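Dumping the structure here so I can ask a few things about it.
All chains are identified by letter, namely A, B, C, D, E, F, G, H, I, J, K and L, in their written order; residue positions are counted from 1 within each chain.
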């Protein structure tokens, strides 16, 4: 089983920024934990981060036929990108949306997601554990 | 570590109802899986379901001093109960909100949760796996 | 044919209260008229009133396999109860929503019903005749 | 007792159209059932259909002094005609609003009625039975 | 100078209806007063009432080249007719909107007019005096 | 008969400002026309302008027992002053609201008036003729 | 192939009115261009204009079995007529909505169409070319 | 004079929870102060707390004929319970709504009360003094 | 302890106006009752009324260092004055907002207060008793 | 005449995706049809697709002086890109907006276009025929 | 060149109040800095502060012919005064709106300005530097 | 002191476009003026323009540790980019938002900024002077 892990804008800054919201881990730390879990549950990962909406759209398009599922933290694009939504609709690969912080206890505009309605489901608020839990439920979903 | 698992109205009907939205498992099936996971990760569970808002409020109040965390699927009360929100605020016990279905791909009124902003986070859309993932992230959160 | 008749909060006060809105009949008077019509059209009735949302949810759940239809005046719960809506969805027993008063000539918040969209239809404004007409159309619907 | 039965736009197409929403009966079929019930309960009917808003306004105006009640299915005009509302207000003849389909489980704009607040009440969702139930409750209302 | 006086739906019922809102005068009474004023200020009137939106649209269209101004009480169509608005825009004949009652102390939906923004101005609340004042200001406007 | 004529903020600038919206007359010019009409119809006028909301409130309060009617152009206060509304409610002297320009063809916020619902009616769009027409309908109203 | 071309209110005034919005052509000019194109692509046309909503509803109803497609410029009715929408739904004849002007650069209320969601598609802004393009795409659609 | 004091959900947790919002007193402390004041002003009290909406509805219904007034802190039910509103309407016993915290400086959803419009008035923000002041104004109201 | 009592616009008209909403007492009557209570609880009062927003702002500014608390009935300014809100914020003197009538059973625009969120709390609906209760809770607050 | 044809995000996936909404043609198929039409009407085309908003902005900027018109299917950017709108405004080259699907029968958020108000017009719903019709009307517009 | 500097309500309290929002400078301190800059750039200043809306309106009116520009910090009146907006429109003197604090990171109601749309531009958030920058850009604007 | 100057999409077109809104200067002209001022006040500048949202996000991220402040004209991204907002939050470098035109006198959607609430402040409407004033206030802010 192959899973594509996508990270949206500013996630490359993790650890360097608002620690109370996002935790002290860097994206590299999270990636290590993710890979360790992937090894345990025998899943192959490709991990990718970009500040470009189009990079994420391209990656989602390329997942068609190459990946069994997508784990995506769209970050700021959650609330603004119809293009990412349409890409997920186009490839129809099972997708899970995750967030480090609890978006529902933040600004009003972060409560709306263009992405969630076209995903299997959403996980938010558990910092790095959002990734780990997301990987587990996604791989379980694909197995069924 | 002791975790209180709370289930809101109509969840006792699981398996007997809308299978495409909620899956074919009964609540008992889910409970068995939850307990099995709890054994593995060495957590004690108390599981409770009620159609009464006040039962859930009472249980949350009683968790103060007796439980280390709450895993709650408030079902219909997600969208209507300020009383449950206030109970969680009052006891200040770490709480995770879960849903079987992806509420963001259903009716507009199901997109708003009174509960989520006072929880650590929210997990929705993964059927029984929402419970299992919820238990994992909650116990991890408490450990840290 | 067996029909479950459900009455929501404060309907036990009928006759003692706002007569211009609800008429001078008590709930007992209405029940007598309902039973008399039920005898005529050869339908068995169980009639129930409660001020508790959970009682109504429980009754609706129990109707599964035991009743052919539900006639419900949800009263105040019309505008606030997602739990009753979900219970009707869960049992999928044909249901008719009735109101004594014309909710559309009252306060704005009474114009919205969580229940109506999951019912066969709605009847409002005809005082006790809302019940009698509701029983007739419900039994006709079941026959077809 | 004389009752005016009014049918709004496109109801002349009944039976030829969306059968799942409106049933397979034609307007003639419904009229026959209505007349049969009218005979039984000794009520005189005049039945009228038009695609013109002004025809319905004229008919309502003419009801003053000539009819004891109005049974109206305003169809599309329900949501757009202040003129019909004002006509009912002007003649002050007891009026019942009916609909074949359950407007509350259809498009958002069909949830609002300009007509309902100036009627005794509203019945919707029971196909031809909406007419029959409407005739019964209207005649009962007039008798009282 | 020739002025076209247009009256919308249900105004033919004046005097027979809600006297507190519209006064006890009939449309004929108002017309007599209007004609008397017209004679005094040497203006020729054509007065027309219809319950049909299209009649009013037709009349407005015909005013082009035949009338110097339009005095219109659109009644219910005030709030629903884009067609009348477009007709006034098309002929570009100076138009004054009048109402018998004070629409701003009635239902919310009567506060919005599709017609007012394409008129010189609006007069409301003075019963028959709305017509007389309207005729005066319209003829003054045309003279200037 | 004594009429109080009140002018709100910036009306002292008339003639010096946006001529296309308000005409080229100064407030003095309008006052002269108003007085001339008042002489003709045998009405006594007191005319007052202020940029202060409280001056207008004071004047309205003093009208109680001293004036038979109020003709008010609240200008900017139309859209912001609950105090003027409450003063009119308190003295209960018949009041007519007038505007030089057609407020319904200007900015959205000018479409709402706190004053209109507590007046007999409103006249807008006819420049100085709004005042003259207002005086006529107000005195007629008081006579009846 | 037979196509019904329907024109809504005030389109008979074309050429006589707002030339910057609608162009200098009259409806007759447009009809000639349409017929010329129809001859070229071997389509039979019936062209009809009315200021009456009910005329358009009647024509749409009559199209059932008599026409293969409808090309409609509903003009003002675009924004107000549920009756035309329901008629199109009832006959289920392929329909294309066209507008001379770009409704999206005009008043806010012109951005909403009751008709568009029940059509194949919409074309707006190209003056007479909206008709010609509409005829082409409609006939192509029917052929496929 | 007999007064019924009602406390809604989570008020049994007072003193154990968010001290900055609600003060450090327990509900028992407040009750003692209330009873002391009641003795002073010679009023009989019955005090009741419940987390159940239906308990509060039942108590309000029972007040009819047994109590002269109701002092209610509906807590979370303030914002969600039409049933409590309807119960107060049904018994028509003078009622005062009180809150410990200033609801207008908290979350937006706490600014709306279903209960306030059917009460004599509302007091909020003064912690235990809200109860004492409420008892005083209620008994004064009943005396007059 | 020194308390500043502020009364907003039109409160000087009390007793002369809408008796059902505000009671038959004049402001002088209320002031006498207030002073009598102030004597009893040993508080010094300065009482001030103005129809001018700026007078109230000035008084609030002057309270800094001169008064221990402010009791304010902002009347119409409740809903429109950010300046009074900012003045209270600037001096940071404990303030209580009071109203004679129950603003929540009146027009929609009276449900919103710019002042309440920057006060300790709000009391409304108890006529003169709103003042007396307000004085009590304010002085208690200051003592603590 | 030179026309720039721009395609927004995910249109490179055409044919591989939701066939009921977008048809079975690939973008290459559409391009072939477009070029064939371009040859017929003697127009030169440059066709470009990108998932990057900035690519489309760059291309629009470069069109200044190099192209006579733009045919754009902004896809997801229709609803989110002010940058594309501003680019069109900046170059002021005649532009036509097209869509494969009928955006007005899809999700609410697809009903709003940032692009349409700055274009000549919009065509939607006709699959590949939207492109062909768009090319025709655009070239006709440029010729005039 | 002569510039009128206007300060709205509560700005006389600067330095005595919320230092984190407005800085520790008093209005006198700011005025000194302003005058110093004015000397440098050879501009004559008149500086004025008032808590009265009408004072500001009067000053703006007097600026006509006497001042070349207005620098205004309307403070609380920013969000509530149509009168000040209308005064600026009436005199048509170039005006710059300034704020000490960043209004866009404060309460929602502070995000809307009645004044900004009739000014050259707006500067907010830079404490006393908002004044200095405002004076510079205003004088530059006038020079051009 | 080092300042990063960022320019959003289409600003490279300055001077070539809508001159009434943006002035006749090109971005190069503005840059020259900015550098001249920077020399005077001894500040080092890096100036950057891009039509890509991600370029701006990258540049903001790189500013961490390399620049003392950011001067940004986000242009169209002001209203659509949560990613830029999040980048500013992540680096927490003092930022000033500037606009050439007065966004508050343009389309409604330009009144909302995602960027302003995370900046020190905002300057708009003064064409190139917005940049110069922005540089001054930013450097002053950093010095303090």
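By our rule, contacts are C-beta pairs under 8 Å (C-beta built on N, C-alpha and C of every residue); 3 or more make two chains touch, one makes a residue touch a chain.
Small disclaimer: the values here were computed from a predicted structure and weren't measured.
By the document's definition of touch, common neighbours of chain F and chain K comprise I.
Minimum number of contact steps separating chain D from chain G: 1.
The interface of B-C is repeated, with over half of its contact pairs matching by residue number, by F-K among H-I, F-K or A-B.
Chain A and chain H have CA centres that are 47 Å apart. If each chain is reduced to the centroid of its CA atoms, chain F and chain J end up 54 Å from each other. Centre-to-centre spacing of chain C and chain D amounts to 23 Å, using the average Cα coordinate of each chain.
Listed for chain B are residues 52-53, 80, each touching two or more other chains.
Across the whole structure, chains are in contact as follows: A-B, A-J, A-L, B-C, B-H, C-D, C-H, D-E, D-G, E-F, E-G, F-I, F-K, G-J, H-I, I-K, J-L, K-L. On the chain L side of its complex with chain A, the touching residues are 52-54, 57-58, 61, 64, 80-83, 85-87, 89-92, 114.
Taken together, the chain I residues at the contact with chain H in this complex read 102, 104-105, 111-113, 116-126, 129-130, 132-133, 136-137, 140-141.
Residues of chain C touching chain H in their complex: 8-10, 12-13, 16-18, 50-53, 55, 75-77, 79-80, 109.
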